[in-house]
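Same chain, two partners: chain A is paired with chain B first, then with chain C.
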Partner chain A sequence: MFADELKTFRRLGLRHVLLQLLNFASVIASGLMIWKGLGLVTNSESPIVVVLSGSMEPAFYRGDLLFLTNPANQRYQTGDITVYKIPGADIPIVHRVLETHDDKKKDKQLLLTKGDNNYVDDLELYQGLQWLERKHIVGKVRGFLPYIGYVTIAMNDFPQLKFALLGGLGLLALIQRE
Partner chain B sequence: MHTIFARINNTSALLSSCMMALLAAIALSSFVFTADPKGELGLLSVKVYPASAAKKVYPKQELAFVNFNVTADLTPLFHWNTKQLFVWVEAEFNNTKRAENAVVIWDRIVRRKEDANLKVAGKNKYMLRELTKNFKHAKPAHYTLKYNVMPYVGVLTYGEAARTKTPVEFPPVQQRV
Partner chain C sequence: MAKDSKHANHTDQRASSEPPDRPTGPLSIPVSNEARDEVKVNNANVSELKNACDDAVKRYLARPDLFKQIHVHTDVRLGLGWLSVFVAAGAALYGYKVEFEKSKPVVWFGVIMYVVLTTIQTLYAYFVEGDTVFMGRRKTFSKRIITERITLSSKTQPATKPTKNQPTSTPPAYTLSISYFRSTNAGKSLLARGKTKVVRGYPSFFDEQGTMHQEVFEKWVGEAVESAMDGKND
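What follows is the complex of A and B.
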């Protein structure tokens, strides 16, 4: 099966392999550039996130894709759906803002959030913090695309899939002629 | 040229770009629907009680208890790209000393057009509280009914359906009856 591929491989030579590797690298680099560029425009460290839990059902299910922005001059409002990351917690959480208090004394906006599908607010998720602040917030949800992110969840749940996919792509990039 | 790989590649590329175009068209189409329904929000009573710190995570503080009436026909917000509405009532009030507060006191998820004609006589589901833990310096509050239209695909939109005509004062704190 692979004899054919090996023969073409030998015929095309080292220069071709290097060119294909370069192509591969430029694809990865441009992907990274787009991601970081989006991050700059939206002022969010991670402008696209995948929903990992069911706490916002029936609005967002596992695997849905969310598009975030985080304009520095805009305050958060009740009803905004924010993605926040508490220091020490490893995954970001997508929940809706339940309370905002603009504290004039400390010049800070203090927030309390709650998942639509949860019965109680998030105070116990804050790991000892009383309120959420801007520095914890990755962004607020502006756009929504269902299901697409399930690929990444599948890859996390079955790591073999990730390697198979990467390996397959790499192999294809190397042996393809055009 | 006509290998099975090339065929699979071409078909899936065509399918996915068609899918993307369709999704984009649906997302854009929801900008055509610009319904702005209005309803009414009436306050029946506001009371302030001191709360003992029953749960350890919450501090000892004063809580306000609100009874209200909501009548709003939000059915015009349902179109082909509306997955659900998130409707809530919030209190917005200032504190002369320290803070501006906005607190959600009641919410509801509306998933069907048939349920979008709201007639609710309710009380607050969530704690209505002040940053300084008491309502001594709190100015009268505006109460509003707001909604968030959540689409099947595309942009989330927000709106306000009702607002109390005059701000409502917080009464002095009462001891528990």
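What follows is the complex of A and C.
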């Protein structure tokens, strides 16, 4: 089955094969670097997130794409919409800041959040903590795009889509020449 | 000095009368018919046409007994490219394993190195490699060791619309520039030098279905290379 492909590869030469693989690999590498660079510039671990629940309606709906920044020297204020991750829970949660306090002894900011569409604040979500700290915050929402996040939700619910997309990208890179 | 000028005169005299001493040119070595794979491209895509012609040039001149291809440009691109891929992969993996705040210095370094390597690659391809399609070298032994170097670069001349001075439109054309050096004594005495530039429209090499007339193309390239080897200077 692979005899034909092997024959073609031997005829084209090792350099040609390496070049084609390089095309594919550098597409992935540049995507990775753009993502990491964006994270560094915004000082946020994950500068683009997708809204998964309806707890911030009518501001954000499930499937919205959110853009975050995390300026290190700015205080978070009541009314800011933050995305945070509780250690031990994998999912980032996007809710609004209800209260802020400054802990003078340890020189850090303590926050309490609540989803706009929820009845109670997030104390139960904090898994034992009384307050959120700055280090739990991924970032503050600066802007959003509606509906775009459904692509990510679909790829998470149907993992075959992820492989299909990657396979299609790879095929495209291999077939075309620069 | 005197020896060199005598040498140059001698070469000029010999160039005009088809010297028996000239190393074999590509036209003298016929292409066997079984080695031929059909080349079919999309006629409407000019870059596909150019790539097919470039590949045919490489195949034609890298045959045994002809030039040995110098892969410097490809190797530099491969080296820089794969290095940047590994740097990117390393930085991304580190950022994934280590917590965000602690990973920042390494990821900064990785991202900046990636940008630097990619910039160097682009500058190299634009300034150093340029339009080069084939770089070859050959050493032959006839009375003394003769070293030859040949460089071919190609460009597409875009199609033109009919104008007042030129009433018919011209199709896109393939420009081939050849630069040739022949020397002996480990490159110290120059025997011959040639530089030619030939242009021909793509329709002469491709039919309506997009199949390439490789014999026509090879004959055209062979003639241009041999005229460069004869010392013609454009």
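Some notes on this structure:
Here, the second predicted complex is superposed on the first by the 159 of 178 C-alpha atoms of A that agree within 3 Å, B and C clash if a C-alpha of one lies under 4 Å from a C-alpha of the other, contacts with A are read in each partner's own complex, and residues count from 1 in each chain.
Keep this in mind: contacts are C-beta pairs under 8 Å (C-beta built on N, C-alpha and C of every residue); 3 or more make two chains touch, one makes a residue touch a chain.
Fair warning: this is a prediction, and the values are worked out from it, not measured in the lab.
With both complexes placed on chain A, chain A has more residues touched by B than by the other of chain B and chain C. Judged by the touch definition given at the top, the superposed model places A:L18 against chain C, while chain B stays out of reach. Of the two partner chains, chain B is the only one touched by A:A59; chain C is not. When the two complexes are overlaid on their common chain A, residue A:Q77 makes contact with chain B while staying clear of chain C. By the touch criterion defined above, A:L40 lies against chain C but remains apart from chain B after alignment on the C-alpha atoms of chain A. Judged by the touch definition given at the top, the superposed model places A:A29 against chain C, while chain B stays out of reach.
Taken together, the chain B residues at the contact with chain A in this complex read 23, 27, 57-58, 83-84, 86, 88, 90, 98-104, 107, 109, 111, 126, 129, 131, 146, 148, 150-156, 158. In the complex of the two chains, the chain C residues touching chain A come out as 47, 51, 71, 74-75, 77-78, 81-82, 84-85, 88-89, 91-92, 95, 100-101, 104, 107-108, 110-111, 114-115, 118.
Those residues of chain A whose C-beta lies close enough to touch chain C in the complex are 15, 18-19, 22, 25-26, 28-30, 32-33, 36-37, 39-40, 45, 135, 177. Within the complex formed with chain B, the chain A residues making contact are 58-59, 77-79, 81, 96, 98-105, 110, 114, 116, 121, 123-124, 141-146.
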